[in-house]
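Dropping the structures in below, format is structure tokens.
Across the two complexes that follow, chain A remains constant while its partner is chain B and subsequently chain C.
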Partner chain A sequence: MATTTISNGAAIAQDWPGRYYHVDQVLDRPGPRTDESFLAGEGVKDFLRNKCKILVIGAGGLGCEILANLALSGFKDIHVIDMDTIDISNLNRQFLFRPKDVGKPKATVAAAFIMSRVPGVKVTPYYGKIQDKDDDYYLQFNLVICGLDSVEARRWINATLVNLVDPENPESLKPLIDGGTEGFKGQARVILPTISSCYECSLDMLNKPTAFPICTIANTPRLPEHCIEWASVLEWPRVHGDKKLDTDDPEHIGWLYKIASARAQEFKIEGVTWSLTQGVVKNIIPAIASTNAIIAASCCNEAFKIATSSAAYLNNYFMLIGTDGVYSFTFEHEKRADCPVCGGEAVDMTISKELTVDKFIETLIERQDIQIKKPSLSSGSKHIYFQAPQQLEEATRPNLEKTVSELVDDGGEITVTASSLPFSLSLRIHYS
Partner chain B sequence: MIKIWSMKKNEDAAAKKRPKTSAAQIRVQKDLTELDLPSTMKTTFSDPADLLNFSLTISPDEGMYKGGAFVFSFVINNNYPHEPPKVKCMQRIYHPNVDLEGNVCLNILREDWKPVLNLNSVMVGLQYLFLEPNADDPLNKEAAEELRKNRDQFLYNVKASMRGGSIKGVQYDRVSLQ
Partner chain C sequence: MLQNESQDIEAATATLQAQPDSKTRRYDRQLRLWAASGQAALEAARILVTSGSATSTSVLKNLVLPGIGHFTILDASTTAPADAGNNFFLNADASIGKPRAAEAVPLLRELNDSVDGVADVRDLAALLDTPEGRQFVAGFSLVIAHNLPKTTVEKLADLLWQDPLYPPLMVVRSAGFLADFYIQFHEHCVIESHSETAPALRLTKPFPALQAWADSTDYDTLDPTEHAHIPFVIILIKEADKWRAEHNGALPKAYAEQKAFKAAVLARQKKLDEENFEEAEAQAVRLWTEKGVPSDVQALLDLPALAPDASPNVAFHALLQTLRAFVSDPAGPGTLPLTATLPDMKTDTESYVRLQWQYKEQARVENVRFKELLRATHPDVSIDDALADAFVKNAHHIKLLRGRPFGAFARDAAALASALDMAPKETLTHLGLNALSAVLERSAEVTPEALTAEIQAAVGAGVVLPEDELENVVEELARAPTADLPNTAAFLGGMLAQEAIKMVTKQYVPVNGYCVVDLIGSTTGVVGAV
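Let's look at the complex of A and B:
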């Protein structure tokens, strides 16, 4: 029996005979739908159990399920990032946490729990933001699974993984599996950065956060939510001026709750509670444990299939609607040519070091393969030349006389926007 | 691990890494440089390097608010265009759809915002409020009431408020160009 020593010094058994009996049924022989590159037997088991490194983003409702599923299906090098600490309200569904853990970082507690429960699995936590990590950090993984509740964080990781793709390095392409739930609804999707439709491609498909007309909130409130929005949208800035509302600060939520309750009383509306107040201002949709379990299972199933090539993976969107019965649906979401992240073109240009911005723009306009009129140019956060509005045109006009090489390094990027382009064009500049 | 690389089409192989500019940033660059505004609207950037914070001045050349210059602040966050820009009126003005704190009742700024809309749509929508103030969606109830009941009195109040006068005990900011 193989044994390993973990950090607390206790020797524990791992990979005892028959440990992965059920998983091995899938890995020891090919099936009718296995990928042609599938190598049944020791090779794939060695990759899954000893070499594959997977990143889980989010250790909340979905993250807890994902971590448990991955560990039990044989992934042994798991990393997890989460910036939150455990709240007492998480305990009903985030089953890796106990009352004694309230206030501690989710990532750290979840990692410790999995390691103590599933021998031989290493979970490396990071308590912080995904934005703290650089490209080298993300490059070390084979796969990334996201179980997030924030659109902004998802857009960030999606753009980061698309940007990471380096045509000279096949290892730079990291499959992204994204799970999301909203009450009884959920979705799981497989994103192959630059190859298949990305998160940003489908941004306009998202349910937008519920917002009530501001005049309804101000004049004719009928729902407890109207009173809460009145407190947060109108009263908070009126009373507190520029002080920002911090939705994680219990004092701020308490103030809103008090104001919203008084408003509700005035209009004889029932149902303003502390948790509804927090829910409305943080835009929380009630989380349902069973929806999380289904979506996490689907994400981990895809991770397993991609890591092992043992079966065809999802192409590329799975939708679950559990509001009336259990309805599910898969379809291929198409890549959008005008997607700001994965769409548009990238063109290499070699120009003289002496070329001025003015002449460079003329060159762009003349190029038959690009076809742009009135381009506006920037590089990172630097504005090179903007056609409009007038003030920005005037502010960037002095750059027209400068050489491109003064503003952009060799190998640097220029983002071009123009009304004739679907979204933007990215130019990589080299000097001859 | 599945062999994904071979699925990359040949033309994609020429694709290079994109700049580290966020989708929100590029989208704002696109929206701003392609603004198609009439001469009655003008943007002002207190820091031309910062595209996410600026103001818009609307000087209507017709309608009841003709002769005024109305200033709105725009604050755009990194979740644009998933989230709409935050827009407030910087002056205290007498208008049925703008309250005394500068909040604006315009559907596309809240409940009807969609990512396919852009800064131009918002600006055109704001200007429309000055051409057709709407008594049905009031934020300043006194003003809305007056507009509904007595249009002449409302117009008189608008003109007085634009000169910096006070109406029913509320002092308004002077926004007249003359």
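Let's look at the complex of A and C:
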């Protein structure tokens, strides 16, 4: 380990002569594609190394890479949030962790590693959820970088940063840089909340999650996946009652594997394996160090360029496909005027006059640009249906059977909310 | 669960796999991409990296983590203060003054116990001047070179081009936000390309059992449940037969005909919610797009072989020639061998399993025929069954890339002129990096003017270069001519490792040509492909 001066967790800055030989080449003078506002030399170095405060969300595959890149680039005040602990399957890519760290919080271990390797960098970990933190917490940062694998968490931080923007106060606008990978593919993007396309604007670009209809699972299984779904969705609750399925428990996976294999054999279906069982029930996405390195580097490069103005930054989406050669596509994703988070306009929806509230809710859940799992609906001051609290749910439950047209006039608005999302969606209803 | 039911399950699942071992668990997320065969290839690979720069150690990190067999860092230099500042795999200022390779190796090895790593402090240029040194370099399975001096990289590339059995060479050059990289290989053959295009289902040329099933299916005698579960494969074969009978044996061609065909398929629905007919309508496109031999595979069949004895791909070429024989075999289907993999479809379990069994059986028959042809035409080539099986199974997706020596593109006036026209930014960045090596080599000051003069000399005095793009490249290079930026290094480290994994596992398809990276615009582009 480095012979650096760390006492009581507080890092002491120690910049040896020549430490920033490489980075300083782009900070000491502008290039042909550098904005005029660039303060070459000491001004920009002082901001980067002494003033800039950056938040990293996620200390996993992308997060480990992001922390190392930021530290080497000269960011000295880095905060990191992660709610997970280290698993053995992380070790093929999350390079700040060793076998002895399995079970420990990712944020804490990653922060300690970076501080021991890169002298003078302070990394402040938080082992917990992003939702634990309030607006004041997020307001303290200049930039936020996300390396998450959860759509829900991304929607939350995106909406939170958009809501934080106060037009009177330019400091309240926190650039959000978001990365994601899957196998040899990935993407990195820059979001300037309220100014450029936000995460919610592009929700319909996500692949639709594979969902198997219950009738296929129950009656006409064809694929090994159908047998595994049968074991986890139908058999587990039937046999174990209220006991929750823990997809990290090998005993539980083993049970599902056994039940799925038996069903597959009954129907002469081939291909149920331990690995497939685990993959289906945990929705495992393949992940490798190299793709994470590319996407994390891209995110940190944008953070560096935004923080220093040393070069133009990404506008605003970089997509990489590395399965067949190296193919990438850089484009400007457009802001959606009817984006529920940053758009302001209501989404127009045309539905049948006969559609019941119940079926209407199903439509909302399935819509790729909305994706709300448990929506509550109201129109003006009128409650249409509420998922919680219980009393309100009971009071509004009879409305599920009614048609939407009984409750809302043509051209009227419905407000959709969900407890998992810090924003509401306005729908303007028309009848066909 | 009932007693006897649970006993049935015990009996039925007596041969279950145990929970995976810790190695499989550690590598789970990558085994889902390249399987045990790819992992074994990685573990057998020996990689030489010719420096301990930030970019070099970034590449190595991404190869040590997934479990490459061995790496050697060849680097005669000592750690400079600048290295200690931009390289995560050095002990910061404590490494200053110590050999860079020896400082980096333990910090890389601690990422993965199963990887062997060696620091070699000899000088590459000197090694290339001796027969033993050249033999040493040529003994690895892959060589990766970052920002080598111009003459050294040229010598290295010349050496490794001399024999097709020598390892591929990956050359990467970077300066500030700009970079390019190139893989030098004679030929690279891929059986498992993991292409996402679906293999043919033989809908226009059904094999006998499939045709018999279609012929014996009578829509009118089926009960409503059976009717709603006829697999789309059978529906399309029936409808195609009917169409051909009414159109002089031709399938729908023009858009209007295709539309009419789809409408006819949908009109077969007895009830509005028969999803199998909707699926047949959606899949009808296969009838006019599926080819017996896809055009990219056809191009490989027509490719003249490289000198057969000198190729490391003797087996692949034998399989390719057998494939050509299979396709033209009068007793065969006149197509590529059938792949047994069926997509899911709206049908009942029994029909699906029956269909799957028929495809498997036909695929088996054709596989046997393929191997007969292989033995008859190539009695002297030793190819194990597993390799032949993989080839037949992936025949729709095989790839073969042919390459040129490093630097050949910049000497090819016609290719350059066309690339300057099609991709001026990428081409000029590549030429700019060539120019930068030349200027640095003679220890001259790197100025936009010096770089421009080099580029102009390389393309020829008469060639007019696009002014704005040229200025952007030479000024950016002159701004940071020797900067190995941490983010650029990490980006290239990921890119090079991805390509190295593809080369070593012979799975997925590596890049052919110079991949040019611009981390200001955040773009990549490829120029100079053969």
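Remarks
Please note the rule applied: the second predicted complex is superposed on the first by the 295 of 432 C-alpha atoms of A that agree within 3 Å, B and C clash if a C-alpha of one lies under 4 Å from a C-alpha of the other, contacts with A are read in each partner's own complex, and residues count from 1 in each chain.
As a working rule, contacts are C-beta pairs under 8 Å (C-beta built on N, C-alpha and C of every residue); 3 or more make two chains touch, one makes a residue touch a chain.
Worth saying up front: this structure is predicted, and the values here are computed from it rather than measured.
Applying the stated contact rule after C-alpha superposition, one finds that A:S197 touches neither chain B nor chain C.
Taking chain B and chain C in turn and counting the residues of chain A each one touches, the greater count comes from C.
Of the two partner chains, chain B is the only one that A:S419 touches; chain C does not reach it. Within the superposed three-chain model, A:D166 lies in touch with chain B and out of touch with chain C [touch as defined at top]. By the document's definition of touching, of the two partners only chain C reaches A:V239; chain B does not. Look at A:T108: by the touch rule set out above, it reaches neither chain B nor chain C. When both complexes are overlaid on chain A, the residue A:Y257 reaches chain C alone and has no touch with chain B. In the superposition on chain A, A:Q187 makes contact with neither chain B nor chain C. The contact surfaces that chain B and chain C form on chain A in the two complexes overlap at residues 219, 305.
Against chain A, the residues of chain C that register as touching in their complex are 1, 8-9, 12-13, 16-20, 22, 24-33, 54, 58, 61-62, 65-67, 80-82, 84-88, 91-94, 96, 110-112, 176-177, 193-196, 229, 344-345, 347-349, 352-353, 471-472, 475-476, 479-491, 493-495, 497-499, 501, 508-512, 515, 519-524, 526. Of all the residues in chain B, the ones that touch chain A in their complex are 1-5, 7-8, 12-23, 25-27, 29-30, 32-35, 37, 42-45, 48-49, 51, 78-79, 81-82, 97, 99, 101, 103-105, 107, 109-111, 113-116, 137-139, 141.
Looking at the complex, you find that chain A touches chain B at residues 35, 37, 47, 52, 142, 151-152, 155-156, 159, 162-167, 170, 173, 175, 192, 194-195, 200, 203-204, 206, 208, 211-215, 218-219, 233-234, 237-238, 305-309, 313, 340-341, 345-346, 348, 376, 378-381, 383, 386-392, 395-396, 413-415, 417-419, 423-424, 426, 428.
Of all residues in chain A, those touching chain C in their complex are 1-4, 14, 16-23, 25-26, 29-33, 65, 68-69, 72-73, 88-89, 91-93, 95, 98, 117-119, 183-184, 188, 219-223, 239, 250, 253-254, 257-259, 261-262, 265-269, 273-275, 278-279, 284-298, 300-302, 304-305, 311-312, 314, 318, 320, 322-326, 328, 330.
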